[in-house]
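In what follows, a structure is listed as structure tokens, so that the remarks can point back to it.
By written order: A, B, C, D and E. Residues from 1 in each chain.
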Amino acid sequence: MVNLEEIKKEAKKILEEGKVKYIIGYAKSSNALMAAPTFVKKPEDIDKLIWDPTCFQNLVKFLIDEKRKKAREKEPDTRPIGIFVKGCDSRAINVLLQEKFITREDVYIMGLSCEDVGVLDKKKIFKKLKGEKPEKIEFDQRKNIVISTKEKTIKIPLKEILAERCLECTSSFPVISDVFWGDRNNRSPKEPFKCLEQIESLSQEEKWDFWQQQLSKCIRCYACRSVCPMCYCDECVVDSINLAITADTTAEEKAQKIKWIEKSPESSENFGYHLVRAMHLAGRCIDCSECERVCPVDIPIRFLNKKLEKVTKELFDYKAGLDPEQPSLVSSFKDEDPEDFIR
Amino acid sequence: MKKRTGVFVCHCGINIAGTVDVKNVAEELMKHSNVAHSEDYVYMCSDPGQKLIENSIKEHSLDSVVIACCSPNLHETTFRNCAKAAGINEFQCEIANIREQCSWVHKDKLKATEKAKKITHSTVERVVKNKSLEPISIPVTRRGLVIGGGIAGIQAALDMANSGYEVVLVEKSPSIGGHMIQLSETFPTLDCSQCILTPKMVEVSKHPKIKLLTYSEVQEITGYVGNFKAKILKKPTYVDPTKCTLCDECIDVCPIVVPNEFDLGLTGRKAIYIPFPQAIPATFTLDIANCPGLLPIACGKCMDVCEPEAINYDMKPEIIEEEIGSIVLATGYDLYDKENMKEYGYGKYADVLDGLQFERLLSASGPTMGEVLRPSDHKVPKEVVFIQCVGSRDPELHCAYCSKICCMYTAKHAMLYKHHVPDGQAYIFYIDIRSGGKDYEEFVQRAKEEDGLVYLRGKVSKIFEENGKITVWGADTLAGKDIEINADMVVLATAMRPAKGAEEFAKKLKISLDKDGFLSEAHPKLKPVESVTSGLFFAGAAQAPKDIPEAVAQASGAASKAIIILSQDQLFHSPMVAKVSLNLCTGCGMCVDVCPYDSLSLKDNKAEVNEVLCEGCGTCSATCLRAAIEVKNITPVQIYEMIDASVGG
Amino acid sequence: MNENIYIPKLAKIIKIKEEVSGSRPIKTFRTQFIEKNSFSHQCGQCAMLSVLGKGESMISISSSPFEKDFLQFSILKMGRVTSALHETEVGEIIGIRGPYGNNFPIENWKGKNLIFIGGGIGLAPIWSVLHTALKKKKDYGKLTLIYGARTSKDLVFKEELEKLNEKMNVHLSVDVEEKDWKGYVGFVPQNVTDKKPSPDNSISITCGPPIMIKFVIKALEELGFEDGQIYTTVENKMKCGIGKCGRCNIGKHYICKDGPVYSWAELKTLPQEY
Amino acid sequence: MAEEFEPKIIAFLCKWCSSAGSDLAGVSRMKYPPNVVPITVMCSGSVSPLYIFNAFQKGADGVLVSGCHPGDCHYIQGNFYARRRIALVKELIEYIGLEPQRFKMSWVSAAEGKKYTQIIQEFVQELKPLGPQKKLRREK
Amino acid sequence: MEKILTKKSFPAWIKKLQSYTVYSPEKQENLWSYEVIQNPDKLNLEHLNTVLAPKKIIYPQREIFLQFNTSKEGKPQIKEVLPEEHPAVIFGVRPCDAKAITLTDKVFGEEPKDPYYWSRRNQTILVGLTCNPPPSPNCFCLSVGGSPHSKEGLDILMTDMGDKYHIDSLTKKGEKLIKAAENLFKPASSKDKKELEKIQRESEKKIKREVKDIKNIPDKLKDMFESPFWDEEAMSCIRCGICTYLCPTCFCFDITDELTSTLPLKGKRVRTWDTCQFPDFTMHSSGHNPRPDKASRLRQRMLHKFQYHVENYQDYLCTGCGRCISLCPMGIDIIEILNKVIDHE
């Protein structure tokens, strides 16, 4: 069992020793159902830290900010960043290591096992609460969640409100860490890609109708890419501006920047964006599902990523984020890669 | 400035104009805001046609041109030269293929014209964004490297050295000579292999331009055409060749006996040895793998007896670095492994020999001094069965290819056997006889007719030893019956395989291999000695099974190709190479992984292109998630515009 | 029905002059509306130029309002739209909407000495007011221009600058030493300090890259200029030109509407987000 | 009578094999429908998924990517990377509901003019009953 | 004019509004969204906050400004594209969202007026609904000068009174709408009015979240521009556009050209929503960015809403709908930030 006090003790120790620059962890937010990222710089602030199934966020995203900030500083503090990492988050760290975006020395990984739980799905709870504001939540034996609103207190089995990806998670503990709390029990859901069956069983036209309906909702707030730890480019290929401008970017380079998609939230452009996004995450997505969680219009984005995860596994026996040393999916091949689709 | 493009639509007589309304194509493109001039002409590639283009370029101050005509494979160079003559950069000229890919394959004039417009429009979009480029010049180190000291390597090294270039010849064994020096007599002329090869070996050793490194292995080759760097490991022989007098005293005292490679295990040798009497360099080698130890306490007998004090146990491996302009690879072949041919008793029965072993038996310098005696009991074999295609031409179980030389050497073997044992009987199992080559067919006929060899068409199913005889079960498919021969000796014409370690070596050099593991040439017909990596050439059996004359011819071919590079002050490379946008690159290294030419590397967390190595394939560009790398003049933005034009948007 | 403010008016390019070549080229475009007198502007105002298919870009009008027949823009090739503008040829038609923003209060400056301080392409916004002042020279006191660029090749309006020498004090500078350069060597703010324009009864108008403006203001303050005597222009990214799209918002101001001309006294009250 | 629907096809052909193969079809005067506009690229490995999505967005009714047979790549292994990448694209666009017939990959060697011709003929035949591709196409 | 309409008759009223495009909140899976009503009988006004405010109807995320068509010779053709003339009614508008429309009215109404906005705005009738209970746990309209039964910006305000609606017609446009089915309405009795007052009072009590001392916020913010406070608060921001795209008052936009043909060059100029939270929003083409980091962008959002807009229009650019709080992926809470601002030393 993960013991929060032990985590705090370690946090305090490494902060006092100056071993880390700061610690990225979770704290309570104004919303009882969702923790907020917190950045603990001083040992006296460690009491803010929490660890429970409301700790949704994949904090690895903030390592990108840190890297950018460091690049701007003249004499950067090169100490590692302490970071709370769940099983899925740790795979994100591995991908960043694999793609040489960070080095192992940049992070002090504080691994937390989700054990037999995981994180909540806010939307599922929302459905159960029918709009009432939760005032307080408690966890009962890691089996149930007890939610109190103004009017009532309800007890819901955790299984009913855990995030889908947690129910389908295969390794709920970090695969890479410097310190670790909790157990390393592997879960093995019988059918890891069962969630895709429903869409896959649709006819071509039904599939189209489904995605057309879902993707036409997109308002292109880009929260899915903003939250994704794999989306660390200074400038996204689908943006038509030239953000990564340096002093020697020529006018011509800026002028030639391709508009792969238009800014208009039209169906074609939304598809363009989401297809490129999915492609660029093939072999990189570690299924933290943050993209889907943050989507304000409830697009089931995870089903796009998950599909490619499945294809990648089945066709190429490739799984993202398990080994920082393996070559990337698209920068490697095997002689026996399937080609039955090729004429 | 806005590009001023000229569009020239060729009629190609009626080849294009018969199906495509060329005037209409020219008119349509004139609507393009970058097209400053467009016209059509009956034969653009003719002298007047080219003159017309030149004049138009000058008259309309064009800075780029699109020629809508036949395939770029035919006249791209013509028109680029023409553009150059008119004063514009050759890379500002592109070809729109409206003949092979349009007029010749369609009938409907209206639709073909529409398609021709799209193709031409798309090419205009490309050229509008083309940059003027200059070929990349590369300095040349005028020095060659030959890897492998068999007949092919020797020939290549001599040809290059005799043309006046310094050559480094690297051989992994203690002597040059390769397999040819093991042979007895050579088909079809039956001249003595050693007699014809040793003079060449001596020439190599004496040649002032050749630096011979035996008992050495190339460990690494970096760099690129004209500028390779080779790292060569020279293994210690523990004998100083300048002091060694070849007195043989050390051999006499050495207590260790191991199978002799030169005789393919038919004889033994000591741990300190000279591979064969005519070895070049003529010196002893202490075989450290078999020597009981270098410490004098362990043995040290050889050192004790060596009067000239040539033996030095403290000799260390040496890394030699050489700068090289071009390389000839002649790593040769080995025979198909015994392990693979157990059904023929190969490796199990002493009297089942392979072709090379039999060569040694026939050789005057061999274990039997040229007498044919069977290894088991040193008796003269009276019945010998020769089996062809052992391991070759057997796609299911062994090698799919034909080893090419076996028909000939088996005929030679049987013939020489008969010369040695006139009352002996030679049977040859064969699938069919391949005797293409100068005087080859005559040779085989002579063997059949004059020496009374028995050729049996069919395969051998089983070989087993019984009562001191080797029983061969086979089939004569012509006679349609099963055959059993109780032979004294069986000689297998085993398949030729690429030399051991060649695969690993090729991987190190990033040379691709064919499915059989032989070196893969750049083009099977037109570039048979070139590799895809420029500056690297192939000679001999490393590329495919070859006989001596072929190996020699190819070696001379490879040498002349290598000399072409060495003879130039500088080389030129296509400037259509990858270019990195440093501000977009995050240094993930995926492009480095996919580059087939090792032209990309990471420097300060950014990808860096070695333009000389880059062949412009663009795989890096499609792999990069950040669009941070592209190939000049076929950039994503050009493709983007071309797609627009091609859908007719 | 009100006029749709987002629809550009068509104007023909009647003259193009290459001011600066090289990797940061500048060209001056003279344009004429197809429908006459589509608008008139005041010194310091901007207009939104359209290249259809590429987009719009806000450019300051460098011709004086006295010039009724044409509008003139000097444009540094910078991004998508300005690159497209640099590709146009005489006779081509572009779109213009505007004029946008406030103007230099030249009426209030009558009788005063005017010191124009510019760097690089920053001379363009000044050019309009400078020419207006020249036209009514007797209304004003001493006119001075302090102008510099990276190299002599990067100076705009070179020929006019030479002629200008006869009518006013012109002090040119280049950032680094070069052969045959007779003027000042050093950055524009240093040249200001060196030339010591007097603050008495003077107004200074400065325009250039943000970093230059910052140091010029410092230099002027050291020379004794009051905040109200220093004028400059702010050019943030703009899209609508009418204070709605929100891009050029700084504090309570929208630069396209409330700017781009500011006295240092005014500008000081705004957050430094330019 | 309404004119028969003529699908627009973009074909990304590698320069060394497939484009040469299509040249051979020309030299041999084989006939195939004029619906395909070829874009010759250096290697099938250089075809970015973005090109494919973009072609559909711009109104292509079908897209073909064609390279050298495995092992024959002029650039040694570019087509192997392409094979992997294109497999992903193919799965993805089928998954979102675009008709799988609209996207094809083929190996066409320089000697396979006939094969190229057949591929185009079949492709056009398969696309005709599907009608125009409107799903990913931008409104005009 | 106060009327009573039974819930049973409500669909009948809507059926009478055939000459209008009628919008109402519709539940799609978990989310509420304003959609054109297909079936008046299925209308349900018990909606929680819609993801997007009715702003999206009057000021759509994408608006075509003009179409152009060029040729190499001759002058280009530019065609203005104004929205079609089509009157619309939006039912179930929450008072905060209606108030928000009055705020954008001011921005787009300031000379020169925005023709696209007004062409839609003038044709739209807003029928509000008193928030009882509040549609979001993060409602704080009371703190920013609104209320769950505010009439500001509405043409009609409806209040749910169990089996009937209290209908308060506020403008001529509203009158017209009632006139379309006059016989369905009964005048409100004094008892009804009393009940209404009670409901309204209760509805205010149900608003649980508040900003302390909001009147002092603008002044407080003025002195906080340089404060490291913003760096701290923005640490967890991921620079997405949720807070602003979902905000009923945010109005920033971009104008871009989209091509439909390249030979000849044809296309359209479109307006799309944009947000100050995107890094490229303020970036000059030189690469210089006056607001280079997320701290300065969060600050801009806060200052624009609670200082600059107040200076220009004497009103907060925030109506307390709580959307940005509920949907911020990282739990950034505008109320908490404001309360911290007040406590800031």
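In this section, a contact is a pair of C-beta atoms (placed from the backbone, for glycine too) under 8 Å apart; a residue touches a chain by one contact, two chains touch by 3 or more.
Just so you know, these numbers come straight off a predicted model, no measurement behind them.
Student: Return the chains common to the contact lists of subunit A and subunit B.
Tutor: C, D, E
Student: Name the chain whose C-alpha centroid is farthest from the C-alpha centroid of subunit D.
Tutor: Farthest from subunit D by mean C-alpha position: C.
Student: Please work out which of B-C and A-D is bridged by more C-beta pairs in contact, and write that pair.
Tutor: A-D
Student: Which chain is most remote from subunit E in terms of Cα centres?
Tutor: Looking at centroid distances, B is the chain farthest away.
Student: Taking each chain's centre as the mean of its CA atoms, how far is subunit B from subunit D in angstrom?
Tutor: Distance between chain centres: 34 Å.
Student: When the C-alpha atoms of subunit B and subunit E are each averaged to a single point, how far apart are the two points in Å?
Tutor: Spacing between the chain centres: roughly 72 Å.
Student: Roughly how far is subunit D from subunit E, going centre to centre by Cα mean, in whole Å?
Tutor: Spacing between the chain centres: roughly 47 Å.
Student: For subunit C and subunit E, what's the span in angstrom between their mean Cα positions?
Tutor: Each chain's C-alpha centroid was found; their separation is 39 Å.
Student: Two or more other chains in contact with one residue: find those residues in subunit E.
Tutor: Subunit E, residues with two or more chain partners: 254, 256, 258-261, 265, 274, 283, 285-286.
Student: Residues of subunit B that contact two or more other chains, please.
Tutor: Correct list: 594, 623, 636, 640, 644, 649.
Student: At which residue positions does subunit D touch at least two other chains?
Tutor: Residues 49-50, 54, 77, 81, 85, 138.
Student: Provide the residue numbers of subunit A that touch subunit E in the complex, in ascending order.
Tutor: Touching subunit E: residues 29-31, 34-39, 57, 61-62, 65, 123, 126-127, 131-134, 219-223, 226-227, 239-241, 243, 245-247, 249, 254, 262-266, 290, 293-294, 296-298 of subunit A.
Student: Which part of subunit A faces subunit C closely enough to touch in the complex?
Tutor: Within the complex, subunit A touches subunit C at residues 242, 250-252, 254-255, 257.
Student: Would you pull the subunit C residues touching subunit A in the complex into a rising list?
Tutor: Touching subunit A: residues 23-24, 77-80, 82-84, 86 of subunit C.
Student: Could you list, by residue number, the parts of subunit E that touch subunit A in their complex?
Tutor: For this pair, the touching residues of subunit E are 29-31, 48, 51-52, 61-62, 133, 135-138, 208, 235-236, 238-242, 245-246, 254, 256, 258, 270, 272-275, 278-280, 283, 285-287, 294, 325-327, 329-333, 335-336.
Student: Touching subunit C in the complex: which residues of subunit E?
Tutor: So the residues of subunit E in touch with subunit C come to 65-66, 68, 70, 75-76, 78, 80, 82, 107-108, 110, 112-116, 225, 251-257, 259, 265, 267, 269, 274, 276, 281-286, 288, 290-291, 296, 300, 303-304, 307-309, 311-312.
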